[in-house]
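Going by the order they are written in, the chains are A, B, C, D and E; count residues from 1 in each one.
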């Protein structure tokens, strides 16, 4: 498992991807929004936290179909499936690698980008925390979706379609936590929900994903 | 050229993609936004037009890397390059197929989704018009970006990164036209700009793209 | 010990091979032969556990390593990194041996994408050595290899058998290995369509 | 008429072959031979116009069709649709001839993804017929083919030559074609590293 | 007969239904009756509701949308439930009929969702002054709609029937878990404008919220929609079974 994780991280860095790109995509979404919505400062400050969560989600989404897609197309997945590694482990390793190269850098950078949208220090901290707790779920659910659409060429959009409804609880609680913090309310409730979803995802998704992988390979 | 266009459309329909999916992704973005930003009706109405433009842009973005990617990976692009078709023609055909399966359905559906964000009939019409004039540019620029990142595996994020800055003028004028219509101002100016950009893209991008293709294949 | 008893395989609702049986003891190899499309790949995939057979039993002791038609190397990783990954996955120490066996040491630092077809193939053959598995299942292993490298392959397989390994191969060319061959034509399924219990009940 | 004069090719900053010259008249074929990694693929790609040669001239009259190591068929399209696409691109009417020449008529409605390796290869060979081009440039065309299908290939090439075509092939196996062969070992570049004008100026 | 053997008998005859041939015979026999009941219930319910009930004091005649809105909303949720159950039976017992029923339920459920959304939107204009608000109930339905589309798209995208059955079943199960999550998340997110549940199966009528003048025809059209759903489900499943048989025959054609 750790080998698969390490290899996936290296591959994503080698292919001009890696930590930087998810981040930059995130940055660009944040930059584009004022163009789309107009430069009204107070409006932007109001929707800032939610936008950052949305941006994180989309950045995550963009790289999903390649989690398993590359290995499926070039035959590596067949080889991995015949190796002694359990498919559950492969799934977890790949999700972890995806998180490390997209979710984590985004979570760490969000407070910095928050400055662009006038978020204060406290809200930024909560944003960062909520992303740290929530992005693993995004990667886990995304990889699960990727195992379902493995055999489908150009499956990127189908994948998004399958995955987005599953993202909604995380998005709601994530945005809720930051909104609550911005209004000075307590934000522990939503954060606990996010963590619970993350833990639940780790607990159940590996089995379903491994099953989907097995089905798709046969 | 017409053959390549026809084949690409068939391929995109066969692979479970086709007209529907870009649309659905667009719908999903519209659905996600209230979760991220909160359900405040007047706020959503205010940012609605911009959001729809942003959604169209992102839906377009998600399917870009497959325009040339599939053909490159399975060797078809080599074969096309040695065929009597000019690469400029291949580029145009592929852009057109991409537009037909993403841009066009999105433009036509935008007025319907406008209902979700409380846009009135008049503004929806302008939105539809601006998308009809603007989405060809998105496909053309996107395919151009795809020719640049051809050799890069998992190039999806890099591609978005290259392409997004080029999308900004179209996005600005597109959103501007709809904002202007919402405020009751004239909107012809921005629409003319969008059309000019589209025409410019058709005029110059084929040559650059063909050059990029040639470089990437050698 | 690899034992295949009364195995039937099919693809896409059509049965291909019926009642294939063979058994390989430690040190034995078997080359499957048969015209294009008879079902060699399907059979090998079934043995490797990648495809559910229609019926029949496959029993083996020892671990299995599979090499498909395609190479499955990662173009962005160097030759060494590719092998190293599989060595890690299988917990083996055979890297250097494999590099030498297939004359890859000079290419060690080269990204796999920049290899020629034959060099790629050598890399995927080296991978089999690296796995340290007892049973090798290989689908047309010598494709794209020149004569010299085919000889390297022959040596590797013969060594593997001498050390008590098992090899199940398919090939269209003469491998000149000291192993038995099995012509699959005799097993070609006559009643071609697979009818599942569900479909049967429909009639 | 295909004429290659003093051609040098390289890859990734390393020169591979120097001063290759040959000329093929209508009806002539040439099989390139040489060990793995010598530069056969690079040479063929240069001839097909996919890769810029380091120096030398390639002149040909007539159109060229190229078949690479990989098949390049679209898995989601059927065999017929695949061929039909290329027939459209080349504006040719040879579809049915090609289907028959490579015994693909029974597989016409099958999506290419569901073909075996040898059937895929037949499809990409049929594609060459469909192009109707005069010059065929093919990189290891008989990989994965069984004997019967190799014979079909041989017939197709010989017919092509009889009709005044030209064929430039590379192969590791004995093709038994009635053509000349050219061993590339004699052209192997001695001074391996390519120094571009820019790099030269730096010295 | 002891209770245990009774239960056993029930299950064995229940699984018998999953045999395609028995299913086809059984469903062919019952289908006309189901359709007849559907027509009777639905037409009386709707005609009674539309023409023989008074206008509401506050809502005027728009209240009559309720006879379409509420039943279709219920059936939309029902469809989802059926998909999950059918998928579960398929994954556990490999019963083709159950997964084909799940597949057949999807388009029906999706249409019901669409009807609920459309009638709701039309109702919303006079009631709330807008076609759409981001209310939890409404939003949940939009998500449900998306799920239906995704489920159907996955069926369509995968060529091999059994593989598609497996993968869509996995999706349905995971989707069910997240659907429950979403339902609660959405409640946290927004309290909403939409009416609370006033019709519950358990206590029949809640007189405070809805008077029996409206309730009786509503109940009838709800039963009618239920029967309609069942009828469409039977038709759909029979079509899927036939399509499956056709595929086998086609393969035979090609092979011989």
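Quick note on the criterion: a contact is a pair of C-beta atoms (placed from the backbone, for glycine too) under 8 Å apart; a residue touches a chain by one contact, two chains touch by 3 or more.
No experiment lies behind these values; they were computed from the predicted model shown.
S.K.: In contact with subunit C and with subunit D at once: which chains are those? Just list them.
M.R.: The shared contacts of subunit C and subunit D amount to nothing, since no chain touches both.
S.K.: Between what two chains do the most C-beta pairs come into contact?
M.R.: A-B
S.K.: Tell me which chain's centre, taken as the mean of its C-alpha atoms, is farthest from subunit B.
M.R.: C
S.K.: If I average the CA coordinates per chain, which chain comes out farthest from subunit A?
M.R.: Relative to subunit A, the chain with the farthest C-alpha centre is D.
S.K.: Could you tell me the distance, in whole angstrom, between the mean C-alpha positions of subunit D and subunit E?
M.R.: 58
S.K.: Where the CA atoms of subunit A average out and where those of subunit D average out, how many Å apart are those spots?
M.R.: Their C-alpha centroids are separated by 44 Å.
S.K.: Can you give the whole-Å distance between the Cα centres of subunit A and subunit C?
M.R.: 37
S.K.: So which stretches of subunit D touch two or more other chains?
M.R.: 69, 76
S.K.: Residues touching two or more other chains, restricted to subunit E: which are they?
M.R.: Counting only residues that touch two or more other chains, subunit E contributes 143, 146, 149, 153-154, 157-158, 189.
S.K.: Identify all positions of subunit B at which a residue touches two or more other chains, and write them in rising order.
M.R.: As it turns out, subunit B has residues touching two or more other chains at 11, 15-16, 21, 24, 28, 31, 35, 38, 153.
S.K.: Considering every pair of chains, which are in touch?
M.R.: A-B, A-C, A-E, B-D, B-E, C-D, C-E
S.K.: Would you mind writing out the residues of subunit C in touch with subunit A in their complex?
M.R.: Against subunit A, subunit C makes touches at 48-52, 63-74, 76-77, 81, 85-86, 88-91, 127, 131.
S.K.: Contact residues on subunit C for subunit E in the complex?
M.R.: Residues in contact with subunit E: 12-14, 192-193, 195, 198-199, 201-202.
S.K.: With touch defined as at the start, can you tell me which subunit B residues reach subunit A in the complex?
M.R.: Interface residues on subunit B, with respect to subunit A: 11-12, 15-17, 21-22, 24-25, 28, 31-33, 35-38, 43, 46-47, 50-51, 53-54, 57-59, 61-63, 65-66, 70, 73, 149, 152-158, 160-161, 164-165, 167-168, 171-172, 175, 179.
S.K.: Write out the stretch or stretches of subunit B touching subunit D in their complex.
M.R.: Touching subunit D from subunit B are residues 3-4, 7, 10-11, 14-15, 74-76, 78-85, 217-218.
S.K.: Taking the touch rule as given, give the residues of subunit B at its contact with subunit E in the complex, in rising order.
M.R.: For this pair, the touching residues of subunit B are 15-16, 20-21, 24, 27-28, 31, 34-35, 38-39, 41, 44, 115-116, 118.
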